[in-house]
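Below is one structure, written out as structure tokens; comments come after it.
A, B, C, D and E are the chain letters, set down in written order, and residue numbers restart from 1 in every chain.
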């Protein structure tokens, strides 16, 4: 269901929703870029085409969150209470939302992650279609597109001075169905045409098994500085670490790029060098996950390429893997 | 809850300042009970991270006290401490931590009166600075 | 973990202000605390027994004593728990007396604070580790650096106790400054007469080895185990062959100013510095020797009947091990050429006290005649100026050199004795004659020897009409004084040897801004240094006269002998240790250690599969100050007894 | 000039003087550069030199233990090698420094407009590396405009703000920190085998992405670089969320210069800032 | 070389010849001296014995005027002016309390940034003795002079930073370049008694007399000075000394600038050599060092 709305419609609706919902959306911080933040005034919202630095993932799988604590008796443990406030995320990009869909496969299937599921359940995701993919974007190679709706409840498109909103789920129709006006057939967007906006196209092999032992990984991982930019900014990376601090247990992001990743208490690390760790990253995304869940664990958002301090290009690396 | 009382941590060197605080006791010099003393061999032992830990753990003020220059039991420890904390002090202030919250003093083993006066003034200053609520670990 | 907490009433000292029972009750609820109790006097025998019994009964493994300052009773309770079978380093004390009950009046607040302090101690002790004392062996040999009266006395004392001593002296002979003196104050003993027997004793002792014309090259190791490299400079004369007959220097054709006589006399290019030199073996001054300069001459070699002359001799570096080191390097004279008012040291007839000693000495360069160096005429009016360099913060030294008052008085006396018609004028600031019979001596010089003492400074000295015009003030009469002097003698102050800092750095001992070596404690450890096993004697620590020098020499010897008689050396385990896996090898700790207690080590890094350099603590040297831990960015070095974990645990508990 | 680099690299590899040459090559986007690790003569033609060669390559020296390395080095990068040498992390004989008298690199983060020199290049003088084995001069390009004014202008501006304003400013900045540790990883001087941020016994500060955790991490990072940071600016460039880390580094740089006349990276024999002292260090802040 | 020139009151009155000769020499050597417009008292004796702050504020005011000229170096010839200006700079650089007070008085910030030089310093250390040697056309061979520096030129040394405190030698060096013969004598910095000039003339006669005697004894034919107070004392008092001590020295007291001027071939009159009490012209004629025009 698609409807035509004006900017004012959107602002009015959000202002109304702010009463009952926590609203999260992109904000522009001067000289710093775009960040998803909790919005207090609908006017703060940035609905331009620049990408947020961090993906929307951080509102579902927080960079760090308390999960357990000592109960009052100082002996037993209890879960940390979780917020049940209703939430609406607006402005997330199709790739990021697809990332959520991939995370759902992991955290809301055989294994149920209460914290993640709670965050998912209480949130409506309204996406923003991409009109200007940049040269790092390669979503179309990852079965996505600038107008993909998976993982979303609704998607809005820039259209002239206003927007077209596509309502995907009933949840969305219920809350947002009332704004704007019905769209005429000729105004409907050609989503396939939008795919062509993405210029970077790569091929991904069915399996990387054959190249596991290749020196290629050594070569491509050499520039890596082992920081956490790629994993922390990735809409699909979900490795976490558990830390006990002051009688509380916290989980926080971990990344396969860190030297301490999979370091065992004995002092042994099965992935001792950058080569093994970088290979793990590529294999997890383009081999293991695919074997388990049928899809690449990558949405082609290009963040890891865009923000890598040494310009490592994972897409290029997979593309050129010596299969 | 009764009136707020500041919590202050003092890192004292064993040979001068700790002994000076002992002398304040032996001389029965009264001062406010807000300071908790952590005894160390030397002011040179104090790692800047201790200070951060104190502040993020809810201390309203931190004091490092050592021997006067030239008196160090280890001859040079306080020289190193002086240099280290000159930098930290300026940095903390630059980052917006009230300079009253982190202080340093030389108190010798014979300066019981200075110790008592110092703590009294320190407590007064921290009271004026108010509770350390900006930087403290949130118990959410 | 079972922690026991014991709270002391200390009579009413604690209990008067702090509700001890409440502290004890509160402590019993702290995590890991299994037992708590209070008692009137915990340090008394019944109190200690209470602790011991509770340890056994409740199987306690860590103890907190909430009582007085650890400086009073930490040792007591360490012994107490050790007797009950607990490692003595598994206790902590909460100071609820000096830091609480005695300084607070409000009972409620004081009790609250006492509970908090006890909680801190409990949290710290929960992170304590059992520690063991360490032991090191001792090399039974003492190195004495410097062969002046100080070093000589120390060697005699060590040898007397049947321990070996090694003297290293850089001059060709031992004897030092004292060998240059004529008479000694206040008794007017002949310096040579009292020094020479001591020099002979040393040279004949089976326990003393002398390395003259030698210098310290490198010192490493620590108390009990110093390794020292000694450079024996090429003497060009075989010390074993030479008989000391003197034929070589009698025939040597080269004459140069004698250092021993302060340039007032001459010596040969092959020479012994003075007739009573020990060893009585000459040395060739290669800079002035014709053979070395031109490859001609060689007279000394021809004349030597025993073939002791060896032109090809080379410097030799030997390495020896020592258990203790006594530093007796003495002093230097202040260089008065900084003073413009005294003519920047350009006036010929202006000499220093040490020149005067040589001049007045009957075996000295002038045969005991006091003359003007410019024209050789005997002197009549002599002006002595005290405090040249001393007590002058502007251009000289901030300190008093202590002996100048006395030696100037002695000089004034000797002047009159040598020259009946002479007149001594002494400019002084204060007379500091604090010593046995010292004041009496000065008085005698004034009263019986007619020395005129003028209290004031000299403002200008210039030459006119062949005399030195000394202009100054007599502040007592308020008059301006102008004296036409034949000779001016400056009582120049005592300063550290020029190379004192480099020696101190080699030995890792501190020195002050005047380059004088610093004692461990100015009152209670005046001959020790903060580096254990290294002791100071004589004027290298501060200006000293002969009696003080000899006294400190004996004192330092006793300290060294105190080490010699030990079988092993016990060391407190509260020292630093390195977690070499975490260490990056940046060696910031090594550079920040005031005691050089950290050295480089090489380990095989299993992760990187290669050797790498890391830091390592020299346990016998570490004093446990912990400075290294704070400069270590990776927290790889920690201090036992005050570990990062212990301190962070305390902070967490706040 | 790139020919000179290539010639030198070729010679070094051919004569087995080095096992590997670290330089720059084109990134996949054909605009930017990416570190290049050349160990075969055949690959030498991949080497490039232009204003996009921003990385401080000395960060990679630790990756090749036991090997002889030739490294293309800008002035700022060479200073960090001075510190690494000073701190015993390198052996001078193991590296061959191909010094570049660089005229400035571009500001990659700058959005839109012309390509401009990076801010950090404006304070760089001289651009000649303090240590090198061979020096290659850049002639073709125009020099980055030298910052004639105070290099600490922005630091001073912040200094004059009130304590509350300062706190607010840094709280805002640090609140974006996601603890990805890119600042640490890109820093050539952060070489600790295990950073205190990762230690758990004791846990030095909170690993949580929180006010005090982020604050503590950033203070810690700054203190550990005091007297060591040579202002290569890589941390600020690497920070994905745009925290002005150089303003912290510069503050300490300024303070230690003023307080102790200490400057980092000028002398390999110099004692580290905190492993040395002067008897007359200021102590007016001590009671 | 371009400097702001601070003559001070003496050079505009009793020491006119010093002013004249300085300007002549400067002109001849191409050193541009621009007099500070509207200069005021340097803060010497009358001010500094009455009020310390005034003695700082006055010179600072002058230095600020120099700063307005965009000239960051001030040259003066008078030793007293030199001393006051230097002392003011010293305080403004090192003493926050005084700086604040003075800044309030003069109404402008000043941190001692204007450099102060004595003309002697400029001649020797900036123009350079080597360059000067090349310019000397009329050697003063055979003229024996005693260089007298007085008290203010070198003291206190940490402030003036000009010459050796006890054994100054700048003027001696300069005289050697002119081929004059500086005598060795011990009274280079002896007190001439100038402070008592008006109050206790007796002392002045004794002290100045001693200086003249010493110069005479050491064989000096003239005394060279760099301070107008020294000059006037030694020159003016010779008559009174003659009367009191029955000693007729008749030693001309000359400024170093005058002798430099002579050696550069400048006419005696232009150098003010006709303005002295003890007439130097007979001596200069006898020594054949006057330029014949």
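Quick note on the criterion: contacts are C-beta pairs under 8 Å (C-beta built on N, C-alpha and C of every residue); 3 or more make two chains touch, one makes a residue touch a chain.
Bear in mind that the values here come from a model prediction, so they are computed numbers and not experimental data.
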Inset, instruction - State the pair with the higher C-beta contact count; candidates are A-D and C-E. - result: A-D
Inset, instruction - Could you work out which chain's C-alpha centre is the most distant one from the centre of chain A? - result: E
Inset, instruction - Would you kindly say which chain has the C-alpha centre located farthest from the C-alpha centre of chain B? - result: E
Legend entry - Distance between the centres, which are taken as Cα means, of chain D and chain B, whole angstrom: 35
Inset, instruction - Just give me the whole-number Å value for how far the CA centre of chain A lies from that of chain C. - result: 69
Legend entry - Cα-centroid distance, chain C relative to chain D, in whole angstrom: 45
Inset, instruction - Just give me the whole-number Å value for how far the CA centre of chain A lies from that of chain E. - result: 83
Legend entry - Sites on chain A at which at least two other chains make contact: 246
Legend entry - Sequence positions of chain C contacting 2 or more other chains: 581, 592, 630-631, 635, 644, 648, 652
Inset, instruction - Could you check chain D for residues that touch two or more other chains and list them? - result: 194, 196, 203-204, 206, 210, 213, 274-276, 279
Inset, instruction - Write out the stretch or stretches of chain B touching chain D in their complex. - result: 48-49, 52-53, 55-56, 69, 76, 79-80, 82-99, 103-106, 118, 134-138
Legend entry - Complex contact set, residues of chain D against chain B: 155, 158-159, 163-171, 196, 204-206, 210-213, 215-216, 218-220, 222-223, 226-227, 248, 251-252, 255-256, 259-260, 273-277, 279, 281-283, 285-287
Inset, instruction - Would you tell me which residues of chain E are touching chain C in their complex? - result: 164-167, 186, 217
Inset, instruction - Give every residue of chain B touching chain C within the complex, in rising order. - result: 7, 9, 14, 18-19, 21-26, 28-33, 36-42, 44-48, 50, 53-54, 57-59, 73-77, 80-81, 84, 116
Legend entry - Complex contact set, residues of chain A against chain D: 29, 31-33, 35, 53-54, 58, 62-64, 135-136, 219, 222-223, 225-229, 231-233, 241, 243, 245, 250, 252-253, 255, 258, 260, 274, 305, 307, 309-313, 315-316
